[in-house]
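After this come two complexes, each holding chain A, first together with chain B and then together with chain C.
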Partner chain A sequence: MRFSFTEEQLVLRDTVTAVLADWCTPGDLHELYANDAPDAGRSHPRWNALFNLGITALHIPEVDGGLGLDDRELIAISEAAGRVALPEPLSETAGVVVPILVASGAGHHALEPFLDGGGAATLGGVTFTPSGPRIASVADGHRVRTSGITQATASHHLLAVSSASGPELHLAVTADGDLTRTTSLDRTRRLGTLTWTPTDATRLATGPLAATLLDQAVNRAALYSAAELLGLCDAMITLTAVYVSERKQFGVPVGSFQAVKHHLAGARVKLEFARPAVYAAAWSLATEHPSATHDISLAKSLASDAADEAARVSLQCHGAIGYTFEHDLHLLMKRAWALSAAWGDARSHRARLLNLLQAERSVLPS
Partner chain B sequence: MNVVVCVKQIPDPAAPQSLEPSTNTLDRSGKLILDDSDAYGVEMALQLVDKAGSGEVTLVSMAPNGEVAGLRTALAMGAAKAILVSDDALKGTDALGTAKVLAAAIKRTEFDLVLAATESSDGYTGTVPVQIAELLGLPSITFAKSVTIDGSTVKVDRQTEAGYDEVTAPLPAVVTVTAGVVEPRYPSFKGIMAAKSKPVDQVTAADLGFSAGDVGAAGSGQTIFAVADAEARSAGEIVVDEGDGAQRIVSFLEGLKVI
Partner chain C sequence: MDLTFTPEHDAFRMEARAWLEANVPPPGALRSLDTAEGFDDHRVFERQLFDARWSVVSWPKAYGGREVGIMEWLIFEEEYYRAGGPRRVSQNGIFLLAPTMFEYATDAQLERYMAKMASGEEIWCQGWSEPDAGSDLAGIRSKATKTDGGWLLSGQKTWCSRGAFAHRCFGIFRTDPSAERHRGLTYFLIPMDAPGVTVRPIAQLDGETGFAEVFFDEVFVPDEDVLGTIGDGWKVAMATAGSERGISLRSPARYTEAADKLVDLLLATPVDEGHHLDPRSAIADEVMKAYADAQAYKLHTYMTATKVREGHTVGAEASATKIFWSETDVAIHRAALRLLGESAELEVDDGRGGTDLSEWLDGYLFALSGPIYAGTNEIQRNVVAERMLGLPRA
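Coming up: the complex of A and B.
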């Protein structure tokens, strides 16, 4: 297995990092917190700056007008998005929904919004459990209420419902349903409930295909949460290291005390152990390696653990200032808490890993 | 319309820099990137070619070690091809020598207009573009804050201390652009991938007809004898407002000629 990045993959990542430096500053995030109207939309100029790079078309094959790239390119980009706590569904659109649309065999019409329509999409109506995805809503010919959707103001949502004939996967247009916002810890993730009507036009897949796609979608959501967590971890540790180098007590920087620097070193070690696991999982997913599910659970459990540790240590080392609303730390920490628990926390991914190891010893990576 | 853009690949200004102790020149042995100030010329060129409806943008650069990283950035933005002059014999070349090399490289391609930044972010001489114009026997206009093409004429709003002058010149011409001329685009993923396969014509000093002694340290009219640290900035002036605060601010700004 070789999963180090190519020169080109790094150039793609650095290009996104440059765009994010212009379009997603801590000041922008503070402003989002300050102006948190229930119907607050996403920033269209910011989304368009990212969209125009072609990120959402990354997974779309070249014959369909996309770039024909895969998770080996996107994983580093998601990490960069995590580093600035990007309040846009970039990973969800490019890493979860679009690849599932491609895998579902959906035609050009479904892909069009993500090629040049400025479309953004997230996954909803399903949660992770160690024994498989759990669908929350039943389709009974009426309107369905799907709650707990993140980045609910995105233009599209990939939604799961269960019907008499098994699971179903739909691509719903947000504007065709009724959206209500829900208060959330990390307000920049914009939780919401969408009331929508499953129709033949929205249906992407049913039965066994829907079940397979749903498995893939949840795995993807877990992997890309892990990638963003790497960036968040890095940002929290860096922010804290700078702070403890400047903040003085007893005439010296507090970071010179072992009680402080060992905390940060411990968090950094956890991050550096999680990072290759996340990259390896992206490689497995992109190359359809049989260990992909195993690798994703390993990646998510390590990344969630690393993020929990980095958040705890950063808060502690910042002292009282870290608890304030005006400081940048909470922008990163709240996102880290949310993503650490999203799509399976460390404990449930370890539980799935145990199930897999017991059942599939033969597919461990060689 | 064909536009040549002179671009410089420089050591990353965000990384620590060092001078070579033997020559007191900037160490350029590491990875080089596209000078930020050149992104404006590239963007302007792309927009002019787009507007004209035909033609292409060609990059011309001189850099050590066959460096193309910065050129790839500009190719990813949309330039069609590049000419790179890279040769150990060029080490230590001064501004006039650089202009001679770039002028010779520019002659290798068809062009209606040559664009450059007003100055590089690592050398700051600001003399190379006008020297190129002289060597090519072309008119030159500096400090453009807007560039338009009207038939066979280039119209430039030339930034001055007090405002701007409207200047025109017959094509072909050399124009230097300021950072205000246009907003450079981000290279798209498609552009980045396409840039890999765009042609970069790498040539040596000999290919351009120069012999040893014409260029490089030997052909250079300058020698750096010593380098000293810049003076530390002095503290600012503190003015206590005794009712004349506003006036003091206005006269200070007038002194700087910004109002």
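Coming up: the complex of A and C.
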């Protein structure tokens, strides 16, 4: 039992944090709200700066040219990406798509873009339900329409399901399909719908393997959303703590009032206790522990609730200035709202936890 | 990062489990801790624990411990609650005073008190709060004046858990009448049978005398029973307060065990009595939220234990921890009472021809004291805001 990061893991996280500080400022996000070119993300220097750190190859074995690391490293990096509301699919690429490619047995060709091709990838066409993934791709003639894709316009590749003849997992090239933007409250999520053509070249897995990988992909998406929520939570609470320490009313900083303190302390406590659950779930996933599914639902339910609370009290403690479009808070808050609901909200994950515990009790003697 | 236990840990767990399964009395066998008879029943069990060297596993062997680390202590606690072990009558001594003693006591004081504390021969109560010094502990007015060979203590302490039956008291008194607030306080170890001590038991919500008021009228305490140095009482007390709020008072096993039983209760509740098993139902979600919080507390404790083992100290985080475990405890028991519905208020057969509170109701009443004692959660939220978030003091 040693429940902490290693020095190397912390150094890696801090390296990424430093790059993010340079390349993903609130000003950059405001700019993206104001002026987001449809394919800006795919060639953005910010993505290149992150790619050059090798994060997308983190899960690829060393023998294949990757870093040979796992979720124990990536979870802290993803938390750091959440802290700045990164508008590129770092977690999706490194935490979801690449590990699924590796697990699918895809060859070097499929991994190539993530080793040195600047590849960014995301997941779509599937949603979380307490009883398992629900396929949300729709057949459109011989093509497939996949909606609800996050960071769609910033991604070169899409891990998607076609269910024409049983679930099949594909890695589609977004540029080969027709991508349309879906507008949403958090414009930096860059949601989209891709209409694409499944071919032998895009197919990764069929049958039971496809079902297993799909399950893993959704679990991974839930875990990495939870990690980003931790970062968002921390960023919102920190931003608000600084604001209420400076903002004066009645001649004193409003942060000296107990009502304000208690709002923020409550949010901080929720974050404090969500964090170990997220790290533990990363450990379970990396070590293929039998409790991984349980641990991921635990992590996502706690992180979603913590982020909802942090967003709520941060807005309240900022007063009217936090309600403005020009303030930084909404950049974080809108992402937190979206990720809190994405890949299973808190209640859906608690429902899955109950399903798991019920199944466990029905096979074990009491 | 490694969340598995070593083979040595597993062996330790199995040894504890075997002893506890053979020796923990069945539910209801011991009378209530907060009655004179029950107090003695619980001391008999403490003696058994001590004789088998399970009462204070992390302590030095000289005082009845096994000198094992914090992980082993957590494992023992998990097994203790798994086995349904009774509430620890010696807890104020072994969990609150002891860590402070190991930090501040002289060798002679350790010799005099620790083994008797560990065996349940001497039960300790806490003499901190006063009628006008609760959350504002620095407002203490009870005083100690110097006399030949010791001090004369006068004043009033209140809300002393187990004060009605305890043998000794650890308390803070003002030794410098000209000093204010946190200064001029001194920490004393006081015999409850000394002349001048008057105990007035106070009945708690359940009607039993779990705590007491204690009056001091020129009670003599020798110099050798000052803990730490004269005037340093606040600093010494804060060591105890950290233990009280941090991990040493409330091990996560207490909550994970209760939460597991709560899930069992949910699953055993017939579906036709309110559709409780529908995962969308409000009560099922409430149960699972309590379960998730108990699990979160366990994982947080493992993380804290790792930090402690690697030489870090627990500071203001202890306040966050206290808020979390006390509110989790309330949430678990409140959900159980909701599941029991109208029958929740009923007492149950105590096996001795009478009735007693059900385990859930008793647990709920006990849980409700959590957000109040050891520094109210309102005070803890101030600490979190000021010391973890850097907000300005009022």
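Everything that follows uses one rule, which is that the second predicted complex is superposed on the first by the 333 of 366 C-alpha atoms of A that agree within 3 Å, B and C clash if a C-alpha of one lies under 4 Å from a C-alpha of the other, contacts with A are read in each partner's own complex, and residues count from 1 in each chain.
Assume a residue touches a chain if its C-beta (ideal position, glycine included) is under 8 Å from a C-beta of that chain, and two chains touch if they have at least 3 such contacts.
These numbers come from a predicted model, not from an experiment.
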item	value
Fit or clash - chain C, chain B, common chain A	fit
Touching partner for A:L67 - first (chain B), second (chain C), both, neither	first
Touched partner set for A:R268, first chain B, second chain C, both or neither	second
Partner chain(s) touched by A:N52 [first = chain B, second = chain C, both, neither]	first
Between chain B and chain C, more extensive residue contact with chain A	C
Partner chain(s) touched by A:F257 [first = chain B, second = chain C, both, neither]	second
First (chain B), second (chain C), both or neither touched by A:T183	neither
Angular separation of chain B and chain C about chain A, which is computed from CA centres of the superposed model and rounded to the nearest 10 °	90
Touched partner set for A:E8, first chain B, second chain C, both or neither	first
Chain B versus chain C as contact partner of A:Q358, first or second or both or neither	second
Touching partner for A:N35 - first (chain B), second (chain C), both, neither	neither
Closest approach of chain C to chain B (Cα atoms, Å)	15
Residue ranges of chain B in contact with chain A within the complex	72, 76, 186-190, 192-193, 196
Parts of chain C lying in touch with chain A, wherever the complex brings them together	1-6, 9, 71, 263-264, 266-267, 277, 279-280, 284-285, 287-289, 291-293, 295-297, 299-300, 302-303, 305-307, 310, 317, 320, 323-324, 378, 380-382, 384-386, 388-394
Residues on chain A engaged by chain B in the complex (per definition of touch)	8, 11-12, 15, 18-19, 49, 52-55, 57-58, 67, 69
Parts of chain A lying in touch with chain C, wherever the complex brings them together	1-6, 9, 72, 130, 237, 241, 244-245, 252-253, 255-258, 260-262, 264-266, 268-269, 272-277, 279-280, 282-284, 289, 298, 301-302, 347, 350-351, 353-355, 357-358, 361, 366
